[in-house]
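Have a look at the structure that comes next, please.
Just so it is clear, A, B, C and D label the chains in written order, and each chain counts residues from 1 on its own.
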Amino acid sequence: MNRASFHRNRSQFRLGFWLLLAPIVLWLSLLIILPHVDMVLVSLRERIASRQYGFSLDNYTAFFTEPLYWNTFVRTAVMSIIATLMTLIIAFPVSFYIAKVLSGRPKIALFILCLIPFWVSELVRTYGWMILLRETGLISGALQWLGLAGQPVELLYNDVAIMIGLIYTSMLFMVVPLVTTLDSLDNSLIEAGYDLGGNGWQVMTNIVIPHAMPGIMSGCIVVFMLTLGNYLTPTLLGGKDSLWFTEQIYTQFITRFNWEQGAAFGILLLILSSLIVWLGLKLTKQSFTRVMS
Amino acid sequence: MRSLRYFKKLAVIGAVASAVSFSAQAETLRLLTWGGYAPQDVVEQFEQETGVTVKITLSNNEDMISKLRATRGAGFDLAQPSQDRIVSAQADFNIYKPMDLSKIDTAKIIPSMLAATQKNTEFEGEVYGVPHVWGTSGLIVNRSTASTVKDYTDLCDDSLQGSVSYRLKRPTLIGFAFALGEDPFAAYDNPDQYQAILDKVETRLIECKSNVKAYWSGGDALLNLVRSGEVSAAMAWDAGGWKLNAENPDIRFVAPASGALGWIDTFVLPRKTKAEDAAYRWINFVMQPEIAARITESAGNFTAAQGSDEFVNDTLKTQFKESFPQAALDNINWYPPVPAGLEEMEGKVLDRVKAAN
Amino acid sequence: MSDHAVASATEPRVQADLACTRLSKQFGAFTAVDQVSFSIPRGAFFSILGPSGCGKTTLLRMLAGFQQPDSGDILIKGRSVLHTPPNKRPVNMVFQHLALFPNMSVAENIAYGLKRNGVPKRQHAALIDEVLTKVHLPGYGKKRIDQLSGGQKQRVAIARCLVLKPAVLLLDEPLGALDLKLREQMKIELKRLQQEFNTTFVYITHDQSEALVMSDQVAVMNHGRFEQVGTPQELYYQPKTAFVASFVGDSNQFAATVQAQTDQTVTTVTKRGVQLQCYSELALPPGAPVTLFIRPEVIQVGVCKPDPVPDNCLAATVLRILFDGARSQIQVQTAEGAVLLAALPQTADFQALTPGRSVYLSWQARQGLCFAATSPQHPGAVP
Amino acid sequence: MIPSLSSSRFYRVSYRCYVGLFFIFLITPLLVVAAFSFNDSLFPSLPWQGFTLDWYLGARSPRLGLLHDHALLDSIVVSVQVAVVTTVASLALATCNAFLFEREQFPGKNFLYVLMLMPLVIPGVILGVSILVFSSTVANWFEVQFEVELEALRPGLVLVSLGQFAFITTIATLVISARLRKFDLTLEEAAMNLGASRLTAIATVTLPFLRPALLGAAVVAFLMSFENFNTTLMLVGSEAPLTIAMFDRLREGSTPVLNAVSVLLMLGSACLALGSLFVQRPEKA
């Protein structure tokens, strides 16, 4: 009847339970919780003199009083949201095509084709875009050859380049959950939608999208997190104006040796990301655990 | 059952791999250095002569300090930060170990440089650095497209829209300060005055921003920018300029009118160095004139090794003389040690420049 | 009410392969198995029949060791196995969905238990061949599970257990997933196997036909208790409770009140006012509410009034014909409005029967059963 | 919309074009990287200077090819070591987690589950930073209190592996849990019924059932570790894994030897991905 209870009420399995519980607790506490607690503590410290530190909120006030940090923060968030939405818009028709239009061998082939580029390091992918977009790169060359540009065009080092890089790099994490949820949608539901007089748009908004919502949200969350936390793409593709919050964190840690400020930024980024994810889930009425697993 | 065996196999491989990777090898010299300072042939010769394996990590000043800061001076056996960045880092983070000059063949080092480094790297009565490679930061100019550039501020000339590059790091601030008629080094000990200079530089750099194609961060990246013609004038190291000059005579390294910025990269011992002997052996090895000359050829910069010039090829010597007539040589502004706290002020300026539109 | 059902089997006999005494199991406030006692003689085919949720699966899982009883004892070959873990009990189980290991071949599935029980490896092949021959699957050892048909899987699942020569084989509705034809074949096959291996089978099912066809003894279980234990014939012809009467076989059911009782013949009046004669072993006071059970096949259908008039005779109109070959039935309505099902006689007279015709229904009082209406009714039958 | 519903030819053709464009978008950067690894030029951009294999075979600087570039080759070895350790560790823990979440009931289970998912919503850089900060705190404390130097807690391969392990475990747990959820528990009971102890039942029945998921998770974990950058960047010590080594070179503006490494990576990843598909296929048939 209740199978789980059978495993529970046998004393010999209690030991097994603790043995299963111990590693996960160790993992989460030592590698996730305590480090973040410690990061909060460090962020509340300030260098008073050489090798002397004291409690202070300055690292946070610096964030709020220095418009630069604010701007970077907002810019990162806004660009991440835009990149996430654009990834969704680009990926959805393709996912739908793979999940619903195709079947059998072409379907598997196309799905794998979707995945393979992403088994390659993000660095390589970004590198590819650098080669394509730079002034002496392929696209610029092609434009000149076609006579569409009279002189080399610089396509690298601007926000569009960052956006392309971000979307490209996140695509997999959108396509996979979308294909999975769309695949689980019974074709007859779509047929029924038409049969009952719906048009394409209505069927899409009333049947397909509500069904795919968990997949959409899970894709969006993962893509958003990856984008927000991306360091490579904005650094390599972004130009002289490119500002990314992770870059700020990196700079504080590596270039300025200012761990205290970096830790404060880290905490702020974490709060920001949690807040946006939470808002997204609230707006779409999805549950975190359901969406993520 | 098969999968069990599979995992056992995996586990064994994993264990072996980790044992190999994580066990510290005593006879290894882990060198934290700049690109070109430890060319492959020199390393091979050293390894053959001493039996010590050399493991190289390429880095720059900030990276070096931050890596050593994170490890509190462990993980590497010998590092090569610039002489002006040693004392403040030592004061804040205690990451270095005093140098035992008696173990170094000081006769092989140019005395004036040794003395200067000794003075600049002294902290609480101990000396931390010995000089190795020295050079300057100045301007790389493509004469066919940017012949007007004579000083740092000329990079802001309207004719150079979108074809200029420099690093968004402290040398740029210092260089511009000199070009704007200030003496930032004199203001090192006066934060208010220094801030005023920085403000001035900041304004200028922000005005100048539309000229910038990209801020470079690695030497070769800049070379590629100039080489491909994407950038026609840049603030950069002399060695890069000479390298490009050899490929394309139109490109030259120019000592700016307000003076090139002179730096000396040193040898320092991280506090928890595990191969101190090997480190001293390496220092003495690379300071031999012939070896030092080979490093000069690879790095493009001259070393502090006595008499190595003889072994350096003529092209480099000619290039050096072209870029540095006596007046320019005398005009070099050598970096004094950076007092702690200054870099934070500079950092904020750099951030604001980056953020400006 | 069910106490008498188990009275004959409370004390385990020495001969019994399996015996339970006052076995109980609670899940929170819910009593799944309530003081069940029984014993099964060696080599018997014993079925436990009951609706889903009656506790039969829980009972079986306690026998297999997957669930600990709250109280009571389980004896296998006279020894208590309460503290024996499932893998050490001399019982084996054929699971509802068979639980064949999909990653192993047929032979590997059968060898699994041999390996665990320390049978030397060199004997495996012979044992496997032998058992596969007995289940009529010779040479199937190399096949993968997903290459087998439903019936073949059944046999492998049984072979996998029987090769271990268990004292008792437990079967948890193993035919549930099969289609009707195959199920009919497997019933016969199971019976044959049980006789060939001469092993005690404990078979649980909610399908009365499976239980009746195969079993030597059937226990009807409801709400955690055994309502009645007996041979299939006893259950069918002499149900001891209303539940057994309704659960075993088809019945027309009527709620009625007692008018009078003479000996074992009871005169009742249904809610619609039809007077019917029934049989009851128990004394029922006049006015007591009762439930009547009349099986469709005992009802004689005639086009004219039978003579002499039997104990019960009703005039009715044919509502519809439910044609099902040999099992065809007619649905009729009496003048009072009561609806009944009756077996359609397979004679030429009735070939042309059409709805709207008048017929006479008749049966003897002994063929109608009557129980005090306290037990909840079986939901299947509509009066 | 779906094939069973009729649609206009224009719609179908334009839909197909869109999907085609999408795949061109996906594949072009990789093709370009691969193509330029054969360009006879010192840096990977136009003009095309002719075909060469120098970036694979070249023995002398500046045309130092991949096969002679010891620094790059070493970093590949480092990456493989880290990836193997991370994969084995995260798979072991993930399997435990899957059993814990799928089989056990305990107070606070939901909370623990949410906590287990957290690494998915922590940016990699922050994860790296926090582990760096914490391990430094611990190591410094030991140094001050006991004058012991815990080298493992200083940036280096141990921390890199731990950092990657911290989030890869979550992904592996999700993959393995999903498969374990589909496992019919009666199979384990059947095994016990046939005489197996609980552990034997798990080893002989449950783990073989999980095998495709374990393999899949292993491939994913290996690749994620191999290509991880954000977390590794903050934790790396004297030995750099490939992504870090490549990043350093990229910042420096390196030669097309980077393209050559990339081609190697693509081939390796493709083999691994296809191999894992091949391994999983019979299970689905």
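To be clear about the criterion, a contact is a pair of C-beta atoms (placed from the backbone, for glycine too) under 8 Å apart; a residue touches a chain by one contact, two chains touch by 3 or more.
Computed from a predicted model, the values in this text were never measured in an experiment.
Shared contact partners of chain A and chain C comprise D.
Ranked by C-beta contact pairs, the top interface belongs to chains A-D. Centroid distances built from C-alpha atoms place C farthest away from chain B. Ranked by how close its C-alpha mean sits to the mean of all protein C-alpha atoms, the top chain is D. In terms of their C-alpha centroids, the spacing between chain B and chain C amounts to 90 Å. Chain B and chain D have Cα centroids lying 34 Å from one another.
The distance from the centre of chain C to the centre of chain D, with each centre set as the mean of the Cα atoms, comes to 57 Å.
Within chain A, residues 5, 134, 136, 253 each touch two or more of the remaining chains. Across the assembly, chain B contributes 228 as residues in contact with two or more other chains. Along chain D, residues 45, 132, 198, 204, 208, 211, 250 each make contact with two or more other chains.
Interface residues of chain B, counted against chain A in their complex, comprise 62-63, 65-66, 69, 89, 91-94, 162, 209, 212-215, 228-230, 340, 343-344, 347-348, 351-352, 354-357. By the touch rule above, chain D contacts chain A in their complex via residues 1-5, 15, 18-19, 22-23, 25-30, 32-33, 36, 44-47, 93, 96-97, 99-100, 103-106, 110, 112-127, 129-135, 137, 162-163, 165-166, 169, 174, 177-178, 185, 198, 223, 226-227, 229-230, 233-234, 242-243, 246-247, 250, 258-259, 262, 265-266, 269-270, 272-274, 277. Looking at the complex, you find that chain D touches chain B at residues 42-43, 45, 61, 70-71, 78, 80-82, 84-85, 87-89, 91, 132, 136, 139-140, 143, 149, 151-152, 154-158, 161, 203-204, 207-208, 210-211, 214, 218, 237-240, 248, 250-254.
Note for the complex: chain C touches chain D at residues 64-66, 85-88, 91-93, 95-97, 99-103, 112-113, 116-117, 160-161, 164.
Residues 184, 186-187, 189-198, 200-201, 204-205, 208-209, 211 of chain D are the ones touching chain C in the complex.
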